[in-house]
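Two complexes, one shared chain (subunit A), two partners (subunit B, subunit C).
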Partner chain A sequence: MAAVKYIPREKLPEWLKALAAQSRVLVPVEEGGSVVFRQYDPARAPVFGSDATAPPKGAVFPASQELFSYAYGKAGEENAPTLKLDPKTEATPTVVFGSKPCGARGFLIFDRVYMGKKFPDPYYIAAREATVFVTMACATVENTCFCHWVGSGPADAAGSDVLLTPVEGGYTVEAVSEKGAKFLDNPALTDGAAKAAEAEAVKKASREALGEAPDIATSPAALLSLFDDMEFWRDQSDKCVSCGACTYLCPTCYCFSITDEGTGTAGRRMRSWDACMHFQFTLEASGHNPRPTKAHRLKNRVGHKFSYYPTLHDGLIACCGCGRCVKSCPVSVDIREIVQNAVAKAKG
Partner chain B sequence: MTDPFNPYLPEVATILETVQETHNIKTFRVRFDDEAKMKAFKFEPGQVGQLSAPGIGESTFVINSPPTRMDYLQFSVMRAGEVTAKLHTLTAGDKVGVRAPLGNAFPVADMKGKDIVFVGGGIGMAPLRTLFLYMLDNRADFGKIRLLYGARSPLDMAFSAELPEWTGRSDIETTLTIDREAEGWEHKVGLIPNVLLEMAPKPENCVAITCGPPIMIKFTLEALKKLGFADEQIVTTLEKRMKCGIGICGRCNIGTSYVCVDGPVYTYAQLKQLPNEL
Partner chain C sequence: MSRLDALKTRIKEALPGLECVIGWQKGYDALHNTPLFIRGEADVDKLEWGALNVHNPAVYLPSFAGKKVGVVVKGCDSRSVVELLQEKLIDRDNVVIFSAGCDGVVDIAKVRAKLAAAGLSAGNAEKVTVDGKTVTVTAAGKAVSMPLAEVAADKCLRCQFPNAVLADAFVGDPAPQVQAAPAADADLAALDAMSVPERMAFWRYHMDRCIRCYACRNACPMCVCRDHCIAQSREPHWLSQEDSVTEKLMFQVVHAMHLAGRCTECGECQRACPMDIPVLALKKHLNRTIHDLFNYQAGVDVAAIPPLLQFKLEEDNIKERSW
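And now, the complex of A and B:
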């Protein structure tokens, strides 16, 4: 691994401008009382201190994207019949700058599904390969943070290409991947050997601030054993208003819908984020719905993240512990409590 | 560099012919416009495809023609929602998008040399038709073949043009039934599970394959158990709301099993291993 570098805080704009000359650079900025990722604008100061309200999920997986456009003519009409399909899989080179480790780690969960052997997703792969994550380790933690429960932590570099750590006066800069190493070649970055120990101390302190993680290793079997216990799930989901904010803000929620947009003769097929918390998600044309109540749906959301996904993917929990679903839930549904309740209840 | 395979991009296909099976079931016979792709197309009985009605969307249907008859791919569509309503307006010459094959197939290899009982209800006959015709085209590979096909009324019975052949063949035994008496009906009257009990197929060296509406499946499973069929000897094929069809979009899973890739075909033994979320 390359040596640690250092950048003083006042030099950050210089580096960001250099990056923005070559790529789309997304940084967390304040907007309408929230912190969201937007294209870098030197006139707007990025917010690196607190975690962004919404993760940089859209950088690789846009909330809505065109799969292909179509032009259609029905038999018997002028210039008909025709069906022409034109797919667009190209991606824009992008740097996600200043996400917390949890925001970048979310894509590790996507990768297993979207980069599978049988049906690799060309749209996702193009965007993933075109994106570099310059991630900011956490110097402070919040009471909704639980990344240490799921095998991550406040300085977790998994899924990132470069790791910054806040130190007095600036940030240490470490290359995590080969892709990331290329981004350190900028005159604003100097040797950071003298700051390395301080950075390690920051990482250690924030990890210690999180405290002990409860043992949730049995969550896959525990959740499965409670599948038919609808009383348990009604209890857990009682407050839920099915708004879907948890899925919208989740760095690992990767479900989507496919819809057609346009007229009968021309338009496009879109892929858009979808939410398993909505009644319509599994509603069949016959009227039958395998997940008819919010209890069924919350069971699927928690079950997918802490049981089905880890069972299918070598124990990897499909949650990065960012706590956005906890923080932004309008009625304080807390996935940490649900998992712990399930583990405890299954123990009997 | 050639573009990587795009699993979301349908093949453009032309409707060669349609058959109005019942008041709400229409059959479409289609061929890919790309002849090379059509000739290279391979699938197994039980696999499904997504039909696109451009501007409206896509839905999943079983390919109900067998791989032994590749003049066209056949889909039978029951009108239920927006996509199916749009598909019902299409006629010969119209274009559709087809993404296929998707999903798993009936365990045909395990069925060779065995007696077979098909139990189909309503539109549930479509997936059975594929395997049934495949078996007829490979008749020597299988033992006794029996088909029990039921619908609410004679007018609700799809594939009516083929029924005289199916009932007339001496190397198979076809039983048709409807729920209530109807004028001119010469076959059985009675609910499928009851007729199945009357037929009383023996479970020894036999596989039962069933598909139909949930309530019919429930009582058919009970009847098969009563007749002594083991869970491993009962095969069914499921339906779920699907979007991607490739195991990603997240709505058709039953616990860890994604119906679009791990299914739609399951043995009753496999279903019992899954959480209860049909």
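And now, the complex of A and C:
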């Protein structure tokens, strides 16, 4: 691993300005009581303390993007009746600065789906390769944090390129990927060897603050065994209001919908976030819906993350434990409780 | 007997004849209660009554069509039940309403801000006690006391209905009225003071962070189109999938218009918003207009027909003939 560097807090704007001269830099800022990722503006102080309300998912996977525009040649015209497509896969070089480890880790779940051999997604791949994650390790944890349940932790570098750790007066800076190593070449960064021990202590303290994680290793089989137990799922989903807050705020939820929007002979194909909590998600053209109730839909959400995905992907749980689905749910549906209930129920 | 114990007693008596009774229980941490669905006698003891019962359980009632259910309500929630009855969206014979006097509920966003001012995070809340008019939250080992009036939901500060407007089992003494007449609404006053371009800028700023999760819609007890909302239907395709402020604002306007004269201002749309967008103001503005035009308030009289659900040749306050 490269040597640890250090940047005093007051030098951070200098580094951010240098990065912003070369790339789009997204930082967490306060907006109307929420914390969201926005393009770096020296006039707006970034918020690095608490985790952002919305993760930096949109940096790589926008809430909505035009895949291509199309136009039909009119009858009688030279190019009639051909269809002209104009795909848009270019990506803007981007630095996501100050996300928590869970926000960056979410893309590891995406990568296996959109960068696999079977269905490589050129839009995702372009954006992913153009994005660098300068992540901030957590010095504090919250009641809703459960990254340690899913193989992660408050200083998890997986999915990140550079890891910052808050220490007295500033941050230690470590390159945690090859891509990240190139980003440490800035005069604002000095040798951080003297701060390394303090940074390790911060990481250790926040990990200890999370306490012991329960054993949920049996969740894939447990959830599968409860697939047809709709009374169990009714009880788990009674209070759910079927909105999409949990999915849209989830760093690992990668589902999308495709919509053609056009008028006359021209239009565009849109890809936008979709949520399995919505009735329309599985609504078929015939009118049949294989997931007609919220119980079916919540079963899918939990099952996908803690059973189907890990079964397909070497045991990797499709959840980074950020707790946004718990914290931002209007009725406090708690996915941790559901997984534990499933594990306990399957044991009998 | 406390209000809570009295409620439990009445619910236990009625439970055998009901599919379930909807109330509240403790949630994932000390600051959060969560809706409770009582299906067996053992569940009754989980019931909570107090300032953390922020949700409006009336939202669940239409989904139990054809089944007889019980619901525990605060005064404000009872107005949603009444409005659902007014619109014949639920059947009076199929709902049993339990209630007690309400002394107000907290706005967790305000508690969060109070704790932040004390250098603490609501995400570390360990203990919450509500003692009369004071809320004390302990976070990271430090106790912070705050007057309930400073962290109460805005609706509680102007509450005219601390006691249910309709109940089958109202227990204990009624709660006192907050004040005789509603104070002016600060949110509306602030928006009224803006010029039209300023107001548009205000909404564009706030709607920019909307994630289109539709929590505002799904937490709304009067949003009964549910799975068939035009926000997501392909036919008609009224809203674009484009992630623009214009589209997001368009939905809020559709939502507000659909609620004109139906909204009881329970505030669930705004409370549910994970991005803290002040969407209730749009509905409050329309309610004010409805009140001025029709002298009508939603959800207080089961027999009343909402003004926009009826037709009169000549409205008393709309002088079309003199236009």
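We take it that the second predicted complex is superposed on the first by the 340 of 348 C-alpha atoms of A that agree within 3 Å, B and C clash if a C-alpha of one lies under 4 Å from a C-alpha of the other, contacts with A are read in each partner's own complex, and residues count from 1 in each chain.
To be clear about the criterion, a residue touches a chain if its C-beta (ideal position, glycine included) is under 8 Å from a C-beta of that chain, and two chains touch if they have at least 3 such contacts.
Everything quoted here is computed from the prediction, not taken from an experiment.
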- Overlay done on subunit A, so just call it for subunit B and subunit C: clash or fit. fit
- Task: Kindly classify A:H288 by the partners it touches after superposition: subunit B alone (first), subunit C alone (second), both, or neither?
- Result: first
- Task: Once the structures are superposed on A, label A:S257 by its partner contacts, choosing first (subunit B), second (subunit C), both or neither.
- Result: both
- Query: Regarding the shared-chain residue A:Y70, is it in contact with subunit B (first), subunit C (second), both, or neither?
  - Reply: first
- Item | Degrees between the directions from subunit A toward subunit B and toward subunit C, using C-alpha centres, nearest 10 | 90
- Using the superposition on chain A described above, determine whether A:L26 touches subunit B (first), subunit C (second), both, or neither. neither
- Is the number of subunit A residues in contact higher for subunit B or for subunit C? B
- Task: Please work out whether A:S328 is in contact with subunit B alone, subunit C alone, both, or neither, and reply first, second, both or neither.
- Result: second
- Message: Just to confirm the value: shortest Cα separation between subunit B and subunit C in the superposed three-chain model, in whole Å.
- Response: 7
- Message: Output the subunit A positions appearing in both contact lists, the one against subunit B and the one against subunit C.
- Response: 257, 259
- Message: Quick check on the complex: what are the subunit B residues that touch subunit A?
- Response: 3-10, 12, 14, 54-59, 80-81, 83-84, 90-97, 214, 239-241, 243-244, 246-256, 261, 275-278
- Query: For subunit A, which residues are in contact with subunit C within the complex?
  - Reply: 31-34, 36, 50, 53-54, 62-64, 140, 142-145, 235, 238-239, 241-245, 247-249, 257, 259, 261, 270, 272-273, 275, 278-280, 326-328, 330-334, 336-337
- Query: Tell me, which parts of subunit A touch subunit B in their complex?
  - Reply: 67-68, 70, 72-76, 81-85, 87, 89, 113-114, 116, 118-123, 125, 224, 227-228, 254-260, 262-265, 267, 269, 271, 274, 276, 281-286, 288, 290-291, 296, 300, 303-304, 307-308, 311-312
- Within the complex, which stretch of subunit C touches subunit A? 20, 27-29, 32-37, 39, 55, 59-60, 109, 113, 121, 123-125, 205-206, 208-209, 211-215, 217-219, 226-227, 232-234, 237, 240-243, 268, 271-272, 274-278
